[in-house]
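One chain, chain A, appears in both complexes that follow, with chain B as partner in the first and chain C in the second.
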Partner chain A sequence: MLTGLPELLEATQTTAVASILAIALALVIGLATAAARQSQWLILRKIAGFYVSVIRGTPLYIQILGIYFLLPSLGIDIPRFATGVIALGLNSGSYISEMIGGAVTSISKGQTEAARALAMPMSTIQRRIILPQALRLMLPPLTLEFTALVKNSAFLSIIGVVELTRTAQQIISVSFQPTQTWIAVAIIYFVLCFVLGLVARYLERSFSVQAAR
Partner chain B sequence: MEAYFDLSVLTYGAPIFFKGALATITFCVVATLFGFPLGTLIALCRFSKLRILRGFALAFVEPFRNTPFLVQAFLIYFGLAQLGIRMSPVVAGAIILTIYSSALFAEAIRGGILSVPRGQMESARAVGMPYATAMRRIVFPQMLGYMAPASTNVIITLIKDSAALAVITVPELAMAAQTVMGDTFRPVEAYLIAAVVYWLITTGTGAGISYVANRMDTLRKIRLSQSSTGRVGQ
Partner chain C sequence: MSGTPIVNLRAVCKSFGDLQVLKSVDLQVKLGEKICIVGPSGSGKSTLLRCINLLEEPNSGQLDVAGTHMDFEPGSARKFSEKEVNRLRQSVGMVFQSFNLWNHMTALQNVMEAPIQIKGVPKAQAAESAQMLLQRVGLGNKSSSYPSQLSGGQQQRVAIARALAMDPKIMLFDEPTSALDPELVGEVLDVMEKLADDGMTMLVVTHEMGFAVEVADRVIFMDHGAILEDCVPSSFFHQPKTERAKQFLARLLGRNARLQTPVE
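This part shows the complex of A and B:
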């Protein structure tokens, strides 16, 4: 019988909490970045583009370690868990900003034009016409991004956040049962991600049915 | 630690980073060269008439898609060691990345095959072409065109995720950063340089693949317009 199963299940909560906090942060960052990329100021567009390019072009492993070592050297001293959530949120935010950008551009131009014709100010159009429609388009890919985030949260173990993967390492160092423990961990991640994947597929189907009507 | 960039880390670490970058590229090339054909086989299993083959393909792909690569690396490396199969980190890293890449490619190829219009396969079968020939000569060449963006994604994912192999001490770029950090006690510089090198590799790869894909597309169009009697090329 596997030792440490209760600990693994408890650590799953940490993984879940970290993922939920990170996706919330990522949504904020993603929305801000997507807005910045459509800004009229060149400098904002450049900064946002650079951020997305760097995050998408480098491994999360390097990002997490980089942020982990960078923050104290800047005089910022926060718990590892917070560092991990920030790194995950920054990472995921760049992917979400691309999703938002894609969804917003796929909303037909007639929508904006019609709203403009009714003398609606541009900011209201964004908030009340474009975003609600874009959000519906984005929900399935966003769920998949959340799946990716749950998987990526395993990287928090390398900076010492005691989540699922780290707990497994601790258990193995006592029990010497790497195969059983890693299989159990893989099953837990699988269940989390597979269920989220099913949710994404369900959302996609129900939205495409709505759109067809 | 002071908040300034210590340039000596760059001069000291340059050869280590260079070796690490070469190793990362080599690992990804190996994983792509072996992973693509394996992924093709698995993708073909997904379309098989035999239920057992379809089941096998699903059972292979889904675990890799739904668990962290980090956990996969730990499980394969330490799991096999517990079973008495001990491998050097280099061999283990290459094998782990190849299996992972075959699962990623299988999904990309499945998507590619699905995006080839059904009529292509149906008409090939209608003129009496065997299924395998139709797959090889009709569906597959067209699929390659459709899946260029997806393959680029897979390869860039491989480059980035291969950094996780550092946790099982595979000597690649992320490991090089760790070595330089240990030697110089300058972690921020070490990981910043590694990030820049990774960024160069991934953007270079992305640009390279899209250049080649565009070239191939243009060449094919030229060839089509030359060889046709005026109907295909239009």
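This part shows the complex of A and C:
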């Protein structure tokens, strides 16, 4: 029997909850950023473009540490767990905004034109015509991104969030069973990602019908 | 009421960059009229249609469509609000060359979407009217099919039903049969003919000269962004006035004549 298995399983919950919250946050940020990049206001486009290029051009490790030290200096005092979720959400949100942008532009102009000719306002067209189709196109790359996010949540150990990886380090420091412990941790991450993949495949099937394209 | 103008364009100009696509076009359409617009490709036919429902905004000129007046002053920065534009578009249905059905919705959902979103029609009522419209275009049994499961001709008929669902006063057809396999052209033209018989005002950009002869009250011939002829079909086809119309017809009819020579 592996020492510390109950603790590992408990920490798995923290990893799962942090991942789910970060995914939700990333979707909101991604959507908002994609909208900002298409905005008619130059300033919004510039800010969104800057955010995306900063995230893309720096390591996640540095981003997490950066946010961890930046927030208190701005007078924002929140738990490490919340800081971690924000960092993961900000990181993933920038990539998601790029995916949304790509999917939206790949939807043919005729789809929008037919809606315009029927007197639909632009906001309705986005909500009813563009996004539902874009979401379908985005599901496979989104799944990859969310899988990466679950694995990247291991980096939250560096700011002291007691998730799976951090817990494993603590267990090993007393049990001296690094090999068994890390193998167990690897299996848990694998299962988490596997379940995520199953959910994604289910969504893809239930919602694409023969429609997509 | 027949005789009332529903569309009135005056001196409408439209350019894309340096290319002037419409050169001061005047056009009056009376309620109930069926007009076919013909001409070589690139002559501005589609752009003319697209200016009527403001998918393209004219650079200058005036436009009256179904009671909405719009004045386009050259160089003026004034843009018409989305609301004004959409009020005009509610009276104008449009059918595209490439159908443009929404791929993520069934035939029925395609037809009921705009009445629900734009006019606030209750869902059940919209579905009922949509089903009736699909029946009218001969597709009552295809209401739950997605566009990808329908032939081109069927998709175009759904697209016609979708436009009719908004109860337009005028219908614009932009080469509605050009993207279809030859054997599917007939079913779409049949629906359009029925629509014409029901008294719909129609502006049809087409290469189907048979349809023009049978259905149109007027044929408009366009070339290089200008209307060169505007007359009843018989005089256009038998006594075209301009040289360019003669050439256009000769090319078109010559091709058909070759096709009709018996092959041993």
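Observations on the model:
Everything that follows uses one rule, which is that the second predicted complex is superposed on the first by the 195 of 213 C-alpha atoms of A that agree within 3 Å, B and C clash if a C-alpha of one lies under 4 Å from a C-alpha of the other, contacts with A are read in each partner's own complex, and residues count from 1 in each chain.
The rule is simple: a contact is a pair of C-beta atoms (placed from the backbone, for glycine too) under 8 Å apart; a residue touches a chain by one contact, two chains touch by 3 or more.
Predicted model, so just to flag it, every value in this text is computed and none were measured.
In the superposed model, A:50 makes contact with neither chain B nor chain C. Ranked by how many residues of chain A each touches, chain B and chain C are led by B.
Touch criterion not met for A:202: it reaches neither chain B nor chain C. Contacts of A:178 after superposition: chain B is touched, whereas chain C is not reached.
Contact with chain B, but none with chain C, is seen for A:155 once the two complexes are overlaid on the shared chain. In the superposition on chain A, contact is made by A:133 with chain C only, not with chain B.
Touch criterion met: A:117 reaches chain C, while chain B stays clear of it.
Taken together, the chain C residues at the contact with chain A in this complex read 53, 55, 82, 86-87, 89-90, 92-94, 96, 98-105, 113-114, 117-118, 146, 148-149, 159, 162-163, 166.
Residues of chain A that touch chain B in their complex: 53-54, 56-63, 65-66, 69-70, 72-75, 147, 151-155, 157-158, 165, 168, 172, 177-179, 182-183, 185-186, 189-190, 193-194, 197.
Contact residues of chain B toward chain A in the complex are 1-3, 62-63, 65-72, 74-75, 78-79, 81-83, 156, 159-164, 166-167, 174, 177, 187-188, 191-192, 194-195, 198-199, 202-203. The touching residues of chain A, when paired with chain C in their complex, are 108, 110-111, 113-122, 124, 128-129, 132-133, 136, 209-213.
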